[in-house]
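Heads up, the next two complexes both have chain A, just with different partners, chain B and then chain C.
This part shows the complex of A and B:
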């Protein structure tokens, strides 16, 4: 169950007791009318606080070069002391469409952590990527990230979604401010084999630099360009044009 | 979080909806209950477009008791798939409007005062479907216990003492089917959905 948690930091009484800020907490009073979840959502949309835009740059490195890149990232990123976080996920990519082409499909992805089985599953909507012109440093695509219960795969299947492909992804995650860097290896789904015996899809690692932000925060794209610059020539992070990959 | 039971309170000729809520409020307060704000459970239903083949229905519900969650119940043939998600699931449903369309006129909610009385939590909901009053739905939760089989007798006694003989001796069918299971928030949602279904089917008030 997901509950709303609020954390308010109050300095200890001993230090600067006279300077303690007065904190007003708005209690739900008996008289106050209760608002619907949809009202709160529209208010959140209106004030533009929902992170629904993903800024993305992608690249890849050969297995033989990954150690050097990881070393460089360890030096550049925030989580220096704790080291990078590892992850081991299973991702399933679904699509649903109203009718046969040219109807555009709606793309949905489900991700679950294989190393933390109790965590909520992630359901993700990804919109059409916008490449923009040369002046725009990153791809921008709309994205909605939703935590869900583990019934999500059955839910999507019954909803009418088709499983297009799935894979296992394993790698490292770094943070630099609001930016997220993942260095990961993609494996084919093992056909009933042990998870350890999965077969890698290629001899390289996928490198992704991304930020999930409310719309209109284009300044972040510039930060990403500068950061990507610092990773050259170890990895070349670019705007990947998916249309060029389709035959 | 404990076991929850829903009970429709039959409407009489001489009382309006608000008067019934007031009547029940007086009773529960006389028993020693303290009002602790308002509550709201709402439900919106989406239907798949004909192009998708066999019609499927998605009910999306919110409960102010779990304010950060969205509950969805998908009905596809004889299959019912529940899903619990965070608040952004509502945004996803908005993205799906070309495939699943909302039946706005069946939007239904139960809303009213919330009380605490010892180990019980009582909610007096007036049910409205697109602004039309449909009836009064009483929710009683016995909070210290999560197994319906162990809680039912106590809840029945409390309910009968509070709203009288309309409360049957048997547990509602929904609970009877899972007397020894661990009760979860989704079970409350499923019960609301059942009752909302009945209110939607009738033209007048219940």
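This part shows the complex of A and C:
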């Protein structure tokens, strides 16, 4: 849980008008007329303007065919003239127990850019993926991310989070309207944290097509299905239930 | 005599009906042309033509019927001409003809084409008859030449099609570009850390094992191995298949056990 602290600024003129000491209201229940950040946040949540749903399709492409895929994406996507954007990130997944074993631990992901060391780090929560029935073209999962400083790992460790797994991801990013396409290679962390000692976990690139949108905007999923159709048979972008893959 | 008149009446009625059909068909086409010219497509337009020609055939069938009286033997005799407006006539002709006057009647009751049209037809007929053998020969020459050109184009098109089909066929047999096994490995790794977790030997091994099967799929297409590497894969390919990786991670596993032991 995160607490949001706000500082309410009261103009000096208002203080004079009252001519008595200001009592700071500590309990949120009593502070109904004053709108706190929490209130505006929940209001924003209620009116569905926060993009907290991720629509996702996943697939992979063999190393031998990745050039063809990149070429096709260059033709299909928006950022044509600037060329594909590359990225090189390190992702750490932390978990914290919420209860005794039957309860699933909470997963938090920390991501940092290895190619831009001075960029803020990213902390991300990803919810359980909802596969839905056949009529739903994509996976839907809740997703909240926030930019953080580089001390977030210490912060999480202090909270009692445990590093579950980590990996290096390197690849290309494309945009098509609101859709984001990433073609990336996943590397296992090697010993000694040297960038040279990483090894790829498969002979394929992971391909992900995703959109972050406020909940209820299911129309975008249809656009994604059509876009995924255009990448066939090069890549089969599908709803993949990885919970089932583990067992 | 009476029998003949009855026959004539019924025949006329049938003809009028057919003519009316023809008229409505033409009117429908004109309506379409005027109101749907933006959306009208060629097949649709041709359908209209077919309808009209169907009506025309049925009309000519009635006229050519054995039992039908020979129309050309009958004459229409105008009995009364008047410059006044005739309401009945207007009603009958849908307001097209308002008076039955002397200057218009010859035109309406005419059974031959207009003099100008007739003259033009005559001219064309004369020209057609005067076509000499030479010009006809010339035409034939042009036709053969045209045929030659056409057959040449036909050949080119055929050749292109064969090539294209061959290409499509070879593409269908080409190696697959993605592997479901690899997709599952990658998604499971990113999603729940399968194969990346360092605290369990079993997990590491089960995660690594699918990789060689992915390699098999990748190379089954008969593509040269050198070409089968992505731009980023180059540096790491050399390390593939080295078994010590699992051991390495195991060492790391021991060093990374969390102090709280949750």
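Here is the rule we use: the second predicted complex is superposed on the first by the 208 of 247 C-alpha atoms of A that agree within 3 Å, B and C clash if a C-alpha of one lies under 4 Å from a C-alpha of the other, contacts with A are read in each partner's own complex, and residues count from 1 in each chain.
The criterion applied here is as follows: a contact is a pair of C-beta atoms (placed from the backbone, for glycine too) under 8 Å apart; a residue touches a chain by one contact, two chains touch by 3 or more.
Keep in mind it's a predicted model, so treat the numbers as computed, not measured.
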With both complexes superposed on chain A, which partner does A:201 reach: first (chain B), second (chain C), both or neither? second
For A:111, using the defined touch cut-off, is the partner it touches chain B, chain C, both, or neither? Pick first, second, both or neither. neither
Which partner does A:52 contact after superposing on A: first (chain B), second (chain C), both, neither? first
With both complexes superposed on chain A, which partner does A:36 reach: first (chain B), second (chain C), both or neither? first
Applying the touch criterion given at the start, work out whether A:147 contacts chain B, chain C, both or neither, answering first, second, both or neither. first
Have a look at where A:170 lands relative to chain B and chain C in the superposition and call it first, second, both or neither. second
Give one of first, second, both or neither to describe whether A:60 is in contact with chain B, with chain C, with both, or with none. second
Between chain B and chain C, more extensive residue contact with chain A: C
Check whether A:159 is in contact with chain B, with chain C, with both or with neither, and answer first, second, both or neither. first
Is A:72 in contact with chain B, with chain C, with both, or with neither (first, second, both, neither)? neither
What residues on chain A does chain C touch that chain B touches too? 96-97, 160
Could you list, by residue number, the parts of chain B that touch chain A in their complex? 1, 35, 37-40, 42, 48-49, 51-53, 56, 58, 62, 64, 66-70, 72, 74, 76, 79, 81-92, 95-96, 98-100, 109, 111, 113, 185
Chain C residues touching chain A - in the complex, by the definition given at the top: 175-180, 182-198, 207-208, 210-211, 214-215, 217-218, 221, 223, 227-233, 235-237, 239-240, 242, 245, 248-249, 251-252, 256, 258, 260, 262
Mind listing the chain A positions that touch chain B in their complex? 1-4, 28-30, 32-34, 36-38, 40-41, 45, 50, 52, 96-99, 106, 120, 123, 125, 144-149, 151-152, 154-155, 158-160
As the complex stands, chain A meets chain C at residues 58-69, 93, 96-97, 160, 162-167, 169-171, 185-191, 196, 198-206, 233-236, 238, 240, 242-243, 245-246
